[in-house]
Amino acid sequence: MQRVLKWSCATAVLLAFTAAGLAWAEDGVKPAQPEPTTVKSLQKQLLEENAPAPPKTESVETASAATASATAEDIEAGGLSPSVIALLLFIFVLAIFIGFEIITKVPPTLHTPLMSGSNAISGITIVGALLVAGDGQGVSAFIGFLAVVLATINAVGGFLVTHRMLAMFQKR
Amino acid sequence: MQRVLKWSCATAVLLAFTAAGLAWAEDGVKPAQPEPTTVKSLQKQLLEENAPAPPKTESVETASAATASATAEDIEAGGLSPSVIALLLFIFVLAIFIGFEIITKVPPTLHTPLMSGSNAISGITIVGALLVAGDGQGVSAFIGFLAVVLATINAVGGFLVTHRMLAMFQKR
Amino acid sequence: MDSVYLQVAYFVAALLFIFGLKKMTHPRTAVKGNALSAIAMALALVIALVARDGYVFITVGLMVGAAIGVWLATTIKMTAMPQLVALFNGLGGAASILVAGAVLMLDPHQQAHELIATAATGVIGAVTFWGSLVAFGKLQELKAFKKPFHVPSQQMVNGLLAAFILAMCALFVVLNTGHGLVYVVIVLAASVLGVLLVNSIGGADMPVVIALLNSYSGLAAAATGFVINNVVLVVSGALVGASGLILTSLMCKAMNRSLTNVLFGVMGEGGEVADADEVYRNVRSTSADDVAMILDGAQRVVFVPGYGMAVAQAQHAVRNLAKVLEEHGAQIEYGIHPVAGRMPGHMNVLLAEADVPYEQLKEMDEINQTLDTVDVAFVIGANDVVNPVAQTDPNSVIAGMPIIEVGKARTVIVIKRSLSPGFAGIPNPLFAADNTLMLFGDAQKAVLEILNAVKENL
Amino acid sequence: MDSVYLQVAYFVAALLFIFGLKKMTHPRTAVKGNALSAIAMALALVIALVARDGYVFITVGLMVGAAIGVWLATTIKMTAMPQLVALFNGLGGAASILVAGAVLMLDPHQQAHELIATAATGVIGAVTFWGSLVAFGKLQELKAFKKPFHVPSQQMVNGLLAAFILAMCALFVVLNTGHGLVYVVIVLAASVLGVLLVNSIGGADMPVVIALLNSYSGLAAAATGFVINNVVLVVSGALVGASGLILTSLMCKAMNRSLTNVLFGVMGEGGEVADADEVYRNVRSTSADDVAMILDGAQRVVFVPGYGMAVAQAQHAVRNLAKVLEEHGAQIEYGIHPVAGRMPGHMNVLLAEADVPYEQLKEMDEINQTLDTVDVAFVIGANDVVNPVAQTDPNSVIAGMPIIEVGKARTVIVIKRSLSPGFAGIPNPLFAADNTLMLFGDAQKAVLEILNAVKENL
């Protein structure tokens, strides 16, 4: 166990280094390349921050537009500052650590429900699926739709079946 | 224990909400106010990203300049996107959780060393002190110097005294 | 960037997953834990829905998925649980591939770290999906998967394939415009790798494979999280990754085999298998009536269930027999081997279903200490987990695996349909031991017969 | 933003803190754990140094601080540990105030969340610093702190002060230009509050206060982390915060008092204190020679140490006596009360210093179960932790506190200098019990006398 823990943490740290290094390299090495998206998003930010507070009606419109384009922007901007991605990686490592701490305490009796329960949790991709599904453009929308269906099966089915099992344990 | 855990987690979450809400409110409410620092830093970013890679010598100069001004910029920019501060808050909560998980497992025998050891850890403010100390301007530099001294006493003394105690345990 | 409030809600969802898992550490709170995780998922879903519009397509997708999920989850038999988990797991992996692919289509200009995450999602997701499907097929005992198809010099093919995938990933990142075609190639190659890897692993090692693939599907979700910059995916993916790894390692330990040994299967290659006819020369069989007579004076009775109990769904019958014996003053216990059955904790789930009191379930180490004071030990459809060869023959394929030492009991009654071997494919000298009696037949039927005989005996 | 590599190094430092604490969960690995934490700190330091220049001032500061720290840590006596921790703790809090203040001077234009964090640092840091100083004074038994100075209607003053501080914090955030003066006012007000709060708490409750202030100093560091956007500060601050809270709660539980009770001190107000002369009418005292005779036939001997052992530094003498008795065939154990002494685990540290074998240390619940088979129970400078009043008188100030029930032993020998009370300030009927003998004197001297007498007896 100890060994697995160490090993996986080392991997995670390594991953973190690699990714961070790459993100950095990209920042440092390719400045000459046009980066339309980043610049665009920055401009937008500048705009937003300097603009005076818009009148009421306009604000509502902007808001709805913002929701509508939230996904697109998320994806388009691609604009993680290296810091956010680094923090996410750190959170990833912390979560693995927490996972190990907690799960080593699950008693053998509950290992089957644990397996199916954590399998259900991995259906969380559904959140990603929701963000890409139905974005209008034919193919990607359909792919997103498919992802929604598959992930939903995984999540809903997984939680239900786990519940069925656990309900048996609780009777006693 | 359970209660303390719940309570402190709830507080942390509340804190997170409040801070995030404020950060958001600030973004939304005060756009009319001039925010020289943010704009400046953004412009700098834009500049950096569009500039072609500087020739060698210049690069060295820039680098050293960057290190020199790292602190100033950090502070000046004030420029956490709400996302980074939010991630930090999340990390804070995760760390508290990890702390509870780990520390409830420390046996009573080690409670005194734990107390003095974690006290030493709180000397980590030294990192903050280093960043502000000796930044040239008289008063703040002196304050920083004082902070460095105090935090160092806390950290060095704390770890040493803990080591002294623990060394006794290890003999056996 | 979504509104900060949405982001904070995502954090709360992530924390709920953690607390949900924490509640899984005790049988009494486990139901709540599962519910918490489900709530966390629902919360994350709602947030994601609020952050966008255009619901029609999505709602249909959600409904279709939920309907299929509910149907599968409620109609499945408890014995088919391993396959079902494998199937669900595969679907999760597939969803990850699709999400990363769709994101790539919407915005091919990704940053380096996003490209890395996308490639990782593709590889891990594809291996998970196809590996899980093959595992499903094997566990469901589908014809096509009965025998692993032969691939010449498999190890080399796998190695080359892996190298190819790595090269493609490097290309993908270096190209730096998110070349969709490269992504497709990566996914296809990883799919082949997934099939090949799992194809060569024996059907009974599937639980280990599933736990590992479960871990992978978590990592795939986390990788997707890095692609779309979402903290819930990162956290819950990491939790699942850790959980799968731990379960894998526990199972390997309980079988005394290394993970490499399981994955690159030397199963059935170790040592020469003893001749079954030779071993089984002195087997004595018995009848339900005889068993009832033996039980008459028994003070302590231990049941050791195995995969056969799951197949025969004999847990209720066993529980009833135990009840009757208890009424006659016998002390009842169940000896649970950590890898009895086909999933970790498999026996616990079945016996919980049959309302067996928690205190009567003993873990292997505990029951082994008192087995020599036991009058009658019932072996219900178990085989490998009670095979003394694990301790006597260092060349055996199960050498070193800890077993439940039923042989120490005064009388051992083994209920199974024939003398055919268990998953490890080796004969079991226990069946021919002096104090062992075989009761041939389906476990459920046999136990019910014993039950009737015992009742008549009064 | 520093280079990404620096950031990642910060992460590694934060993780090292976590692993360091994790290693604190076992005596064997604890030294390594402490070293890991120290390494983490050094790493964070180096990173911070790399990220800036202008070393002269800083190096001087580091050297001065390190020199003072080393000097304090190496010259301090183990009995003075509590005060030292209090002092260190206060310095950490002060450093946090200064850092946040300096940042504010350098850049008064902070965002809302940074202002919140700055104000929080000021408040928590100041309470920590001044509270710790007062605690230090009390534990060091400095004249000025001997008696809490009286503040008219203290509770109300505290309340008003707290309200004022809150209002100032709100103003500070709303002003939104980081008004330095307001920060100074906040710090000053919080300083007064810190002094007042701790001033009214009894000297013996200081350990609880210190643990709580330790937790605060962690939170102050975390708040500073939010000001300068640094992940190491956030993580390690959170860890320290959690650790302090847990220790506080454990101590309160062991004393069966609520935290509010400790902080807003009703200590000494509960019920009427029994008259000491009345209680101590039948006290019998003894001599070292008599004790040696009693020990002659003893099979099981238990030592129950308390704060007096720490004061007299008697642990080595006790250990030597125990060794001699062991050589004569007696079975030796130590009964450790969770709040014996003045810090949690205080006795363990002292006995570890004297090389007492780990297996001989028994926790309260364990030793209580077998005390009735003990021949001689030595109470070495303990008082409250063996006071039966806790169980017999529900109106007592220590009512409900679990105790070590030495009264159950055949003979109890209490070593202390007089009949003066312990920290709770109440008489102890144990001293007058039929099976109790008092041996008056300094614990170290008395034990050495017994040791000599025992040796002569042979």
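Every chain is named by a letter (A, B, C and D) in the order it is written, and numbering of its residues begins at 1.
Definition applied: a residue touches a chain if its C-beta (ideal position, glycine included) is under 8 Å from a C-beta of that chain, and two chains touch if they have at least 3 such contacts.
Quick caveat, the model's predicted, so the values are computed rather than measured.
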Touching both subunit A and subunit C (chains): B
Chain whose mean Cα position lies farthest from subunit C: D
Distance from the mean Cα position of subunit B to that of subunit A, given in whole angstrom: 25
Subunit A and subunit D, separation of their C-alpha mean positions in angstrom: 43
Whole-Å gap between the CA centroids of subunit C and subunit D: 49
Residues of subunit D touching at least two other chains: 1, 14, 18, 231
Residue numbers of subunit A (touch at least two other chains): 20, 23, 27, 81, 83-84, 87-91, 93, 95, 97-98, 102
Chain pairs that touch, as defined at the top of this document: A-B, A-C, A-D, B-C, B-D
Contact set on subunit A toward subunit D in their complex: 9, 13, 16-17, 20-21, 23-24, 27, 81-83, 86-87, 89-90, 93, 97
Of subunit D, residues touching subunit A in the complex: 1, 3-5, 7-8, 11-12, 14-15, 18, 231
Complex contact set, residues of subunit A against subunit B: 27-29, 31-32, 35, 38-39, 42, 45-46, 48-53, 81, 83-84, 87-88, 90-91, 94-95, 97-98, 101-102
Subunit A - residues contacting subunit C, complex: 1, 4, 8, 18-20, 22-23, 25-26, 36-37, 67-68, 70-76, 78, 80, 84-85, 88-89, 91-93, 95-96, 98-100, 102-137, 139-141, 143-172
Residues of subunit C defined as touching subunit A within the complex: 1-2, 14, 17-18, 21-22, 24-28, 30-31, 33-35, 37-38, 41, 44-45, 47-58, 60-62, 64-66, 68-70, 72-74, 76, 78, 81, 84-85, 88-89, 91-92, 94-96, 98-103, 105-107, 109-114, 116, 173, 210-211, 214, 217-218, 220-222, 224-247, 249-250, 336, 338, 343-346, 348-349, 352-353, 355-358, 361, 363
